[in-house]
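Both complexes below contain chain A, partnered by chain B and then by chain C.
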Partner chain A sequence: MPAAEVLTARPRPLTAAGHGRKARVLGALLAVPAVLLVAFVVVGGSAMVAAQSLGLMPLVGRPELSTAAYTAHGGDLLVGAGLSLAIAGASTVLACLIGFTAALIMMQGRWCGKLVAAMSSLSIPVPHIVGAATAGLLLADSGLLARVFGAAERWPDIVGGQWWLAVIFEYAWKESAFVGLVVAGTLATRSVDYEETAALLGAGRLRRLRHVLLPLSLPALIISGTIAFIYSFGSYEVAWLLGRPYPEPLPVMALRLYNSVTLTSRPEAAAVAVVTAVVSLSAALAALACLRKIPLWR
Partner chain B sequence: MRQGLDLHGLSKSFKGSPVPALEEFSLSLAPGSCTAVLGPSGSGKSTLLRTVAGLEIPDRGSVLLDGQNLAAVRPERRGMAMVFQRPLLFPHLNVLDNVAFAATIRGVPRRRARTDAETFLDLVQMEGTGKRAVSDLSGGQQQRVAIARGLAARPEVLLLDEPFSALDPELRSAMHELLAQVREKLNPTILMVTHDRDEAAAVADHLALISEGKLLQHSTVQEMYTRPASLQVSRLLGGTNEIPGTVREGVHYSALGAHALPGNHQWPEGPATMVIRQEHVILLDEHSPGLLAVVTRIRTRGPRKLVTMEAAGVNLHAEATASPALATGDAIRIQLPTPALAVVGGTSEHRSAPLTSPDGKVLA
Partner chain C sequence: MAITLPPGLNQQTLPKDAAQNGLTRSRAGGRILRSATAAALAVWFVLPLLPLGLWIFADRWSYPAPLPQDWGLQNVDSALSRGAAIAFAGSLGLGFVVSAVATPLGVLAARSLAFHPSRWSAPVSGLLFAPLALPAFVAVFGLNVLLVRLQVPSYAGVVLVLTVYALPYTTYVMRLAYAAHDIGFEEEACTLGATRGQVFLRVQLPLIAPALARAAFLAFLVGWSDYLVTLLIGGGSLVTVPLLVASAASGTGNDGIVAVLSVMALAPPLGLLLLLGLTGRRRRGSRS
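On to the complex of A and B.
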C-alpha cells in the first residue's frame, strides 16, 4: 500500500454482525474470572468428592476404584434419599402455596400487603438454625405452645415425630418468604395491568387467578421452588435439630459419617454427598425442562 | 333496548392531589356512536375511562349503561372492554388464545372459542397469525390483536385509552381506517381518550373536550372546531386567532372593522371575542380586496407555513400552503370568511406565554 494511502486509510466500519460478535467476545471475557472461580469450586469440589466416594482419595491405604462406599449403607442410603425427597418435596409445595398467596396479598398494596412484605423481608436473613431452634422451643411437647395450652400429654409429635412435621414447617416458613418475595417481584411490574385487562374481558377474581396470575407467576414459582427444594434437600441443620435420630435424611447421614471417628467412613460420607448432589442436579435439570415448555419463559 | 352510555356528575379526587381528577363530569353517548375525549395530559381523561370501566370508584356521580346504574357492578360484569396504550396481550398465550380469552373464561369450549377468535383476527386483518407468540408481533400488529380481543368480548362499550399513541404516523392512519371498518361492521359504542386532536377528528363523530377534570364542550367534531364554547376550547383545539370586540345585531365590531357573523346561530350581544381558525384565514396579494396586513413572522411546518401578521394592531395567524411566496415584512391582504367566524363571550386576556396545543406543540 502506498504511504499516502496508509496515512489516509481509515479503519473499516464494523457491520452489525461484527458489532454483535465483538460484544459477545467482550461479554465472554468479562465473565471469565467469575466462571473460572465458580468452575474451580463446583467442578473441583464435585470431582474431589466423587473421587473420594469411589475410593480414589482414601485418607488411609492405597487408592482403589470401588463402589463399596455406595453399597456400605445401601438400604439406609435409599431410605434417606426417600425421606429427604419427601421432606424437601412437602416443604417446597407448602412454601410455594404460602409464598404465592403471600405474593398475591403483597400485590394488593394495602396495609396487610405491606405487613406481609415486611414479615417476609424479616424472615429472609434469619438463619435456618435459628429458625429450627425457635421451632423446637415453640412446637416441642415441652415447648411454649404445649405449655400455653396445657396439653403436654396430648401434644402431637411435631418435633421428632414420624412425620417430620417441625422440619417441614420450618423449611416451609423460611422458604415461603423467599418464594413470596421472588413471585411478588415478578408480578409487581405487570400483574395490575394484566389483571385489569382480564377483568374488562369478563374474568372474575378466580378466573383471573387461574388464567392470568398463576401463568404469569409460573416461571418465578418454578425457579424459586426449585431453589427452595434443592436447599431443603441438601441442608442438614433443621433435620438434625428437629428430626428423629433414625432414619436419617441424606445431609444428616453425610454429616454423621463425615464426623465419624472411623476414618474409612469418609468415602461413605462422600457417596451420600454425591447422591445428594445428583438428585439436586436432576431437580434443577427437570425445572429447566419445565421452564422451556412454558411460553412465557421462551 | 340500547340507550347508550350516560355519565352523570362524575367526580373523583386522588389523595395527595390538590385538584380533582374529575369534577361534575357529565356526558351522554348514543348507542353506536364514537366519542373522543380530548384534553391535555393530566386533564383526567384516563381517570374518566377507568371510572367508566369500573376500575376507579367515583367519589360522586353515576355511570348508566342502557339506563342501568353500574355503581355496584364489577368491571368484569359491565359489558365493556378496554384497549390501553400498551396492547397488554397476555404473554403466556398465543395470538389466537389471547383473542379467545373472553370466550374461554366464559366457559365456551376451547375449539369454538378459537374458531370465533379467528373471525375477529380476520376482522383486524391478522388472519393466519393465530399460532404465533405475541412477542413475535410488531407494535402495530399487537395493537390490532388487542382490538380484536376487546371486540371478541362483544362489549356494549369499547373503551380506548390512547390506543394508537405509541404507533408511528403511518400505522396510526391504518389503525384509524381499521377502527372505521370495525364500526361499520359491529357498530359498538366507542369512548376513546386521546390528546391528539387530529386523531380525535379522524376517528370520532363527537368530541368531548376536558380540562382539569371538567367537561368544556361536547359536540360534533365540526361544531367543536367552528363553534367553540369558550376561548379555552378554541385554544385547546389549536385556535390562535382571537379578536376582541363587541357584538351588536349579529355583527362583530373590532379594530379589524365590522364582520357579519354566520346567520345560523344566535350570537350573544355585548363584549365578545371573535375567533377564526388559522386554516380558514385567506391570504391574498396586496392588490386584492381585503384587510391590509403585514407579515411579521413565517414558520415552515413541512408543506405548510404558519404566517403571523399584524392587521390594524391585531396579531393574526394563518396557515398557508407553499404559495403565495411570502416573506417577513410583506404587505398582504387577508379575508375572514363569514362561515368560519365565531364569537365567544368576553374579551381575550393578554397571553404572555406561547400557546401550546394539547399535544404539547407550540402553536404561536
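On to the complex of A and C.
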C-alpha cells in the first residue's frame, strides 16, 4: 500500500485514549523524538551543506557569500549530473520492467511464483557494496562469466567500461527485487477479484494486463521506482567500485572533492552535494505529482 | 543510509494458486512461456551470488580455468587475519544498536499518527519519509561540521544518522500494523481493570509482535549494510564488514577474500530473514 496514503488517510475514531485536550497533546507528543532526530539530520544537514557550498562556512578566513564553488568545475558538474541521471534512469527502467514481470509471475502462485518470490527476497538483504563486489567477480574480464565462456581477450569491458554496464547491472539487479516484491504486495491485496471480473466479461490476457494489472500496480510501481531512482542517483560505492575514473557521477565526484586536501575543495564538494540533493528532491516531488493524478491513489 | 527494502517484507499474502481458478487459467503455450520466464528470473536473481560460492573455497583459481584448481579454506584464514572477526562484531553491534533505537521511535511515531490524527499528521509523516529523498552523503557532509563542533562521539554520530535513515521503514511497517490494529482490545482490558503496563505487555505487544519483528529487522539491515556513513562519520575508528569488503574489492588479486567477507556480510541477515519467515509461518499456522 502506498506510503503516504497509509500514513495520512483513514483517521480512526478517537478512542478512550484520545479524548480530551490533554490526551490529544500527549498523543501528538509520541512522534516528537522521531521528528526531532529526523529534523536534525535532514533539515540541519541540508542547511549546513547549503551554507558550506555558498562560502558561508570556510575552513579558514571570513565567511563570504559566493557561488564560486558551483562554477569551479562548471563543465564537470554538468557532465557528472548527466552521467548520474543516465545511470539511474537506465537502471530504474530495467528494474521496473524486470520487477513488474517478476511481480506478475509471483501473483500466479504455484511453484513458478514461489520460486521467483524466494529468489528475489534472497537478494533483498545483500548490502550494495557486497552486490558491487560480487558483480565484479561475475562480470570482470577475469570474472566467472569470462572464464566459463572462455572469452579471454574478447570479453567486453563491462566493469569500468565506457557504458557503465556493471554499475547499471548491479542497481537493476538489486532494485528489480525491491520493485517486484513491493508491486506483488500491492497486487496480492486487490487484483484477483478485478482480474476474474474482467475475465468473466471476456477480456483476454493482454487486455487484463493493460486495463487491470497495470493500472492497479501503477502507484506501487511509481513509488518503488522513484525510491530506486533516488537511491541509485545518490549512491557512491557501486559507481566507485565498478565504474571508470572519468567522467565521474555526482556522488563519486563529491566524495573525491570532500577527501581532497585543498582548502577550496570542501565548498566544492558541498556544491556537488547540493546539486545531487536538488535533483533527488525534484524526482520525489515529480513522483508525488504523478501519484496525485492517479484516481487509485486518492 | 538509504537502502532500498520492500516495506512489507514477508508480509504480502500471495494468493494461493490464483491461476488454478478456471477464469484466469492459462493455456499450454502460456504455461510454457510462464515457466521459462520464471526460470529466467530465478537465474537473474541468483546468478550474481554464484561466484561467491566458488571463490570462497578456491585456494588456487588462475585465470582461464572455469573452475578452481585447488580447493581449501586459505581464503577464510586470510580474511580472519585482516580483522574480519572484529569487523563482524562491529557490524553486528551497529545493526543491533540502530535497530534498538529506530524501532521504538518508529513505534511511537506510528502510534501517534494512527491513533492521534491532527493537522500536524501530514507534515510529520512527510518529514519522517524525507530521508528517502535525500542521499545520505549530502546529510553527512553537512552534519560532520555540526557533530564535530558539538563534540558528539563518532559512534553516536553514525548511530544517529543511520537511525534517521531507518525511521521511514520502521514507521511505515508499524503504521501499517496499527491500521489493522483494533484498539478495542486495549480498551476492553482497561475496563477489566488492567494497568497501563499490563495492557502494553499482555495485549498490545502480542498483537503487534510480528510487525515489530519486521520493523526491527529492516532497521538492523540499515545499520548492517551501511558503508558510506560508517566511513565518513566513523572516520576509520569503527570497522565494519562492508568497509572490509570495499577495501578488499578495490585492490586486485583479493577475489577469494572478497568472497569470504561477502558471505560474512550475507549470512546474518539471511539467517534472520529465514527465522522471520519460519516464525511468521508458524504463527499463521497456529491461528488457522
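We adopt the following convention: the second predicted complex is superposed on the first by the 267 of 298 C-alpha atoms of A that agree within 3 Å, B and C clash if a C-alpha of one lies under 4 Å from a C-alpha of the other, contacts with A are read in each partner's own complex, and residues count from 1 in each chain.
One rule holds for everything that comes next: a contact is a pair of C-beta atoms (placed from the backbone, for glycine too) under 8 Å apart; a residue touches a chain by one contact, two chains touch by 3 or more.
What you are looking at is a predicted structure, and each value in this text was computed from that prediction instead of being measured.
Visitor: Quick one: classify A:Val212 as touching chain B (first), chain C (second), both or neither.
Guide: In the superposed model, A:Val212 contacts chain B only, not chain C.
Visitor: Under the stated touch criterion, which partner chain does A:Ala289 make contact with: chain B (first), chain C (second), both, or neither?
Guide: neither
Visitor: Of the two partners chain B and chain C, indicate the one touching more residues belonging to chain A.
Guide: C
Visitor: Which of the two partners, first being chain B and second being chain C, lies in contact with A:Ala270: first, second, both, or neither?
Guide: In the superposition, A:Ala270 contacts chain C only.
Visitor: One more residue to check, A:Pro125. First (chain B), second (chain C), both or neither?
Guide: second
Visitor: For A:Gly204 in the superposed arrangement: first (chain B), second (chain C), both or neither?
Guide: After superposing on A, A:Gly204 lies in contact with chain B but is clear of chain C.
Visitor: I'd like to know which partner A:Cys112 touches here: chain B for first, chain C for second, both or neither.
Guide: second
Visitor: Thinking of the overlay built on chain A, is A:Glu196 touched by chain B (first), by chain C (second), by both, or by neither?
Guide: Touch status of A:Glu196: both partners.
Visitor: Share the list of chain A residues that count as touching for chain B in one structure and for chain C in the other.
Guide: 196, 199-200
Visitor: With touch defined as at the start, can you tell me which chain A residues reach chain C in the complex?
Guide: 1, 3-4, 6-8, 10-12, 15-18, 24, 27-31, 33-35, 37-42, 44-50, 52, 57, 98, 101-102, 105-110, 112-113, 115-117, 119-138, 142-144, 147-148, 150, 152, 170, 173-178, 181-182, 184-185, 188-189, 192, 195-196, 199-200, 205, 208, 224, 227-228, 230-231, 233-237, 240-241, 251, 254-255, 258, 269-270, 273-274, 276-277, 280-281, 283-284
Visitor: In their complex, what parts of chain C are in touch with chain A?
Guide: Spelled out, the residues of chain C in touch with chain A are 2-21, 23-24, 26, 30, 34-35, 37-38, 41-42, 44-52, 54-55, 63-66, 105-106, 108-109, 111-118, 120-122, 124-143, 145-146, 160-161, 163-164, 167-168, 171-172, 175-176, 179, 183-184, 186-187, 190, 221, 224-228, 232, 242, 245-246, 248-250, 255, 258-259, 261-262, 265-266, 269-270, 272-273.
Visitor: Where on chain B does chain A make contact in their complex?
Guide: Answer in residue numbers: 53, 55, 74-78, 80-82, 84, 86, 88, 90-94, 101-102, 104-106, 133, 149-150, 153, 159.
Visitor: Where on chain A does chain B make contact in their complex?
Guide: Residues 193-194, 196-204, 207, 211-212, 215-216, 218, 294-296, 298.
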